[in-house]
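Look for chain A in each of the two complexes below; its partner is chain B in the first and chain C in the second.
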Partner chain A sequence: MKKIVYILIFALSATLFTPLKAQTLTLSDKEQAEFKERINTMLETFLNDLSSIGSKDNSIEFKKAVIKSTLRNFINNGDPYRDSSGYLKKEPHMQTSVLRNGKEYKNKLPIKTYLNNLMYIRYEKVTITMSETLYLSNLYKVGDHYEANATYFQYFRGEHGDGRLYQDKTKKTIRIIVQIEEVYGKKVFVVRFGDIDVVQTVA
Partner chain B sequence: MKAIKLLLTIIVIAGLSIKSHSQTFHAIVFADTDDPKIGASVKRDMEKIQNEIGMIVSSTRMWLNGYYHSGREANKEQLLTVLQNLRCEPEDVVFFYYSGHGGRAVDDRSKYPQIRFKASDSEAYPMSKVDEVIAAKRPKFRIVMGDLCNSISDYLSVKSETGSGKSVVENDVYENLFKNVKGSVLVASSKSNETSIAFPDGGAFTTCFLNELGRIVSGNQQADWKVLLEKTQKATVKAANHTPVFEVNVNSGSSQSASSSTPVTGQQTNNSFLNALINMADNGGDRNQRVRSVQPVLHEYFDSPHSIVEIFGRDGKTRLVRENAQEFLERVSTSYKLINFVELDVKKTNGGKITYVKLHEIYRK
Partner chain C sequence: MKRTFLILFAYLLSGYAALSQTPVGSVFDETRLKMRVKQLDEFVARFNCEKDVEGKSIKDKEDTAMRKRYVAGLFDRNLLVNDSIKRKFIAFAEKVVNPKAPVYLRFADSDWTAEAICRATFNGKQVQISMFLKTDRVRDDEYKWAIVSADGEMFNLTPKQQNPNIRISPVDNELGFMNMSDISSGENRRNVVHYSPQGYSPDRLTVFNTLVYNGLLKINHVQKIVYRFEQVPGYVFTVEHFERATGNVGWLISKLIEIKNEKP
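Right after this comes the complex of A and B.
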């Protein structure tokens, strides 16, 4: 009897502590390559938008138009949103970092606030570019959609009017939210960005 | 007096600017998309060819005169009208493409078939005659291409290698094939007494041709019409067991090509809607003007801000983006590297306002 009890306890424990397997979406090599290209394009466009917003060469009118268009790439246009269970979630944020005297200082801002601040950044010219996406995770199911993470290097260069220069290189991750629709028998990815976080900044 | 001088100056400048745009690429495309058997396959051919034409003019910076006729408009009378009204300058390029039924009469001497709109003998017109008529207009370079005499084969297939993403203008291959050449190319998808095969995703010949052209472009290879068509011929025989026939009479010609340091931009066309989009995109225009043109373009061309715009990939069948007209125009007006567009399908109200448009976007590298 004791043996049976121990076996039952063991079996129950095994069930409780078996890690739950996240549901991942399996893509073919071609779909994976296309998805990665799509993310690269969206990121490249986004970083160019940041350069446009930060540049004194562009009018406030143009910068506001760029911000409006950029925010459409974010979940709920950069506003707080309800998830599939109805819970209210905070708006996506942008984490920035700056190096001062060899030390890294980080800050998180709601994406709308970050973009509006960027319009009035103190540099004469801002250039933000990226390397190709270093890493793109699998797509894993979360509620009624899928999510992935992309990691990339961002190169920031800020030029003051008097010639002073600030530049750094930051490793960032970005949360990617994907709705998958079937259109003409093919999977179509509707992609939105979520939070953008800093992993590490170097000079 | 001052006003008259000013008016004359404007007239002269307008006249100069009309005449001084560089070479024109006349794209004449007829596709029998209404045919109950092969119509769907022909439609795919047309979409892929239209996208390819978009890439050609984006890369070569030629002005595009597009004459696209499908469905009910793909008929002999329309073909004769287009050919009759075609006007060419000595530096122009003419690209004629047909996809649909074909055939030959018992006493036909030419190795090239006759176009047979609606599979009807009364709607027949020889491909060699198309070539003759276009030659008489004396363009610098002409291509007459037909994917015809098709019959459906469900069990055979060749994989299209056309990418499903956006198009990116990358190198000089299109210039070397379409702009910096003189002469003619005449090609049909099968030789005398052969049937051409249509796959669900497009004609065998058209698919093989675009695959080979794509390989040359993406590999930035030496471009040569004879080699391109020999490879196409080989691939078509392998995939569908019929042999394309062709004649290549091409020399390198001088042209008014811009230097390689000139930025790649979208070129104007005879489609005013596409011209409006090109002017709004990243083609060096004033940025504030680009943004301010959103509302005027929206009211000029769209039925409402909620009219639907779908962006499809290079293969014409992968939907990349679906947005409303307002969002689309706002995106285009602030876009980066987006230079040109191909209109694949459009639905309009009776008043001519767009309710739906299917586009392909072309970017510079």
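Right after this comes the complex of A and C.
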């Protein structure tokens, strides 16, 4: 299933989303729960994929296949794209954070580069765990689509062959892009990921 | 009523230690993660009593006592160093939840600002600048963030010392403005504003746009964001992100200023 683009199809399609006079879409508790569950599943799959890509147990061919399927969850498969007005937009980026001597160092990479780098990461084993806690913001209208942010917490554990260990906890906020598309004459909500921001946490 | 609120207030600021229920083997303290104000969107949702800590909709938004608890949970507890300051924050919370005129925060409000404190490169040197942003209506139900001003040494074109003698002579036109090149030469260029009409004050947004447009100012990254809210009558407050090993973390009220000369 993870090889297909996640699509949100609500039984009553677009009518479930009631545009407010304000700037956001209002979801009922049930819709909100469904939306959150969908994002949660997508994120869990994404983090499992990251562990697979980073693990030395898997072959390069397998990792490349996982990267390909992971990128399908990102806007335009992680490539730069033109919006509806023709404006060229940058590919989604992943911010990374590393703790060295108690100081946080941040870097920002295109998601494709990040995933390719992860394939050759120096750890023998990589484990990435996601928190149960997930916060989803309101959905805001942005041109021809809607955007929201999802915040989750991630535990990263990288084990070296000689027993050395790197671990950290980060707060990640990911842009969620919701596009309304027509599939077989029916309106569907296609959900894709955008940029990912990171903040080192102590909790 | 105030006493009850004070007890609730003390409870909220205790770090929610008693609530901690981390499952055995879990790497996260999920209760603390839930309590944490994870996005500004969540700050607003709690301030307005729209969503609980689980992110679920709150049915009774008019419940003043509950709303006070949520507002109190949004204060940076390190600010509450004495009873006088605590009373100030309580008065603020009461103003927010006042049943006759409750205050709610909306994304579309024009009276809140985001200050993005950035590292930038200007003339090859690393500098710190601030960019100020407000929400701007694009069309009916669509908004965006818009840069409304900027702050930093390079945006201030007005010389520290005013010199009325720096001017273009009234007869220079007949000389083909032959000394015009002096305006941009050497240190004299710092006086360029003197050659403009009296009372002219260059706006910083135009200076910012000009520098960026011409490739003279490059924004490297945002270090910090400070939000400033002016929706509560008689108060201005700022919201910043706090990261520490307590239950009082995330986006919290970092400063509360009382405005004495509030307009009726």
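Details
We take it that the second predicted complex is superposed on the first by the 168 of 203 C-alpha atoms of A that agree within 3 Å, B and C clash if a C-alpha of one lies under 4 Å from a C-alpha of the other, contacts with A are read in each partner's own complex, and residues count from 1 in each chain.
We adopt the following convention: a residue touches a chain if its C-beta (ideal position, glycine included) is under 8 Å from a C-beta of that chain, and two chains touch if they have at least 3 such contacts.
What you see is a predicted model, and the numbers here were worked out from it, not measured in a lab.
Of the two partner chains placed around the shared chain by superposition, chain C is the only one that A:Tyr140 touches, whereas chain B remains out of contact. Once the two complexes are overlaid on the shared chain, A:Asn58 sits against chain B while remaining clear of chain C.
Using the contact criterion defined above for the overlaid structures, shared-chain residue A:Arg72 touches chain B, although it does not reach chain C.
Of the two partner chains, neither chain B nor chain C is touched by A:Leu165.
Within the superposed three-chain arrangement, the count of touched residues of chain A is higher for C, of the candidates chain B and chain C. Once the two complexes are overlaid on the shared chain, A:Thr41 sits against chain B while remaining clear of chain C.
When the two complexes are laid over each other on chain A, chain A has no residue in contact with both chain B and chain C. Against chain C, in their complex, chain A makes its touches with residues 19-24, 29, 32, 36, 106, 108, 129, 131-138, 140-143, 149, 151, 153, 155, 169, 171, 173, 199-203. Those residues of chain C that touch chain A in the complex are listed here as 27-30, 32-34, 36, 38-39, 41-42, 55-57, 106-108, 140-144, 221, 241, 243-245, 249. For chain B in complex with chain A, the residues that touch the partner chain are 164-166, 287-288, 290-292, 317-320, 327, 330-331, 333-336.
Taken together, the chain A residues at the contact with chain B in this complex read 34, 37-38, 41, 44-45, 48-49, 52, 58-59, 61-62, 65-66, 68-69, 72, 183-184, 186, 188.
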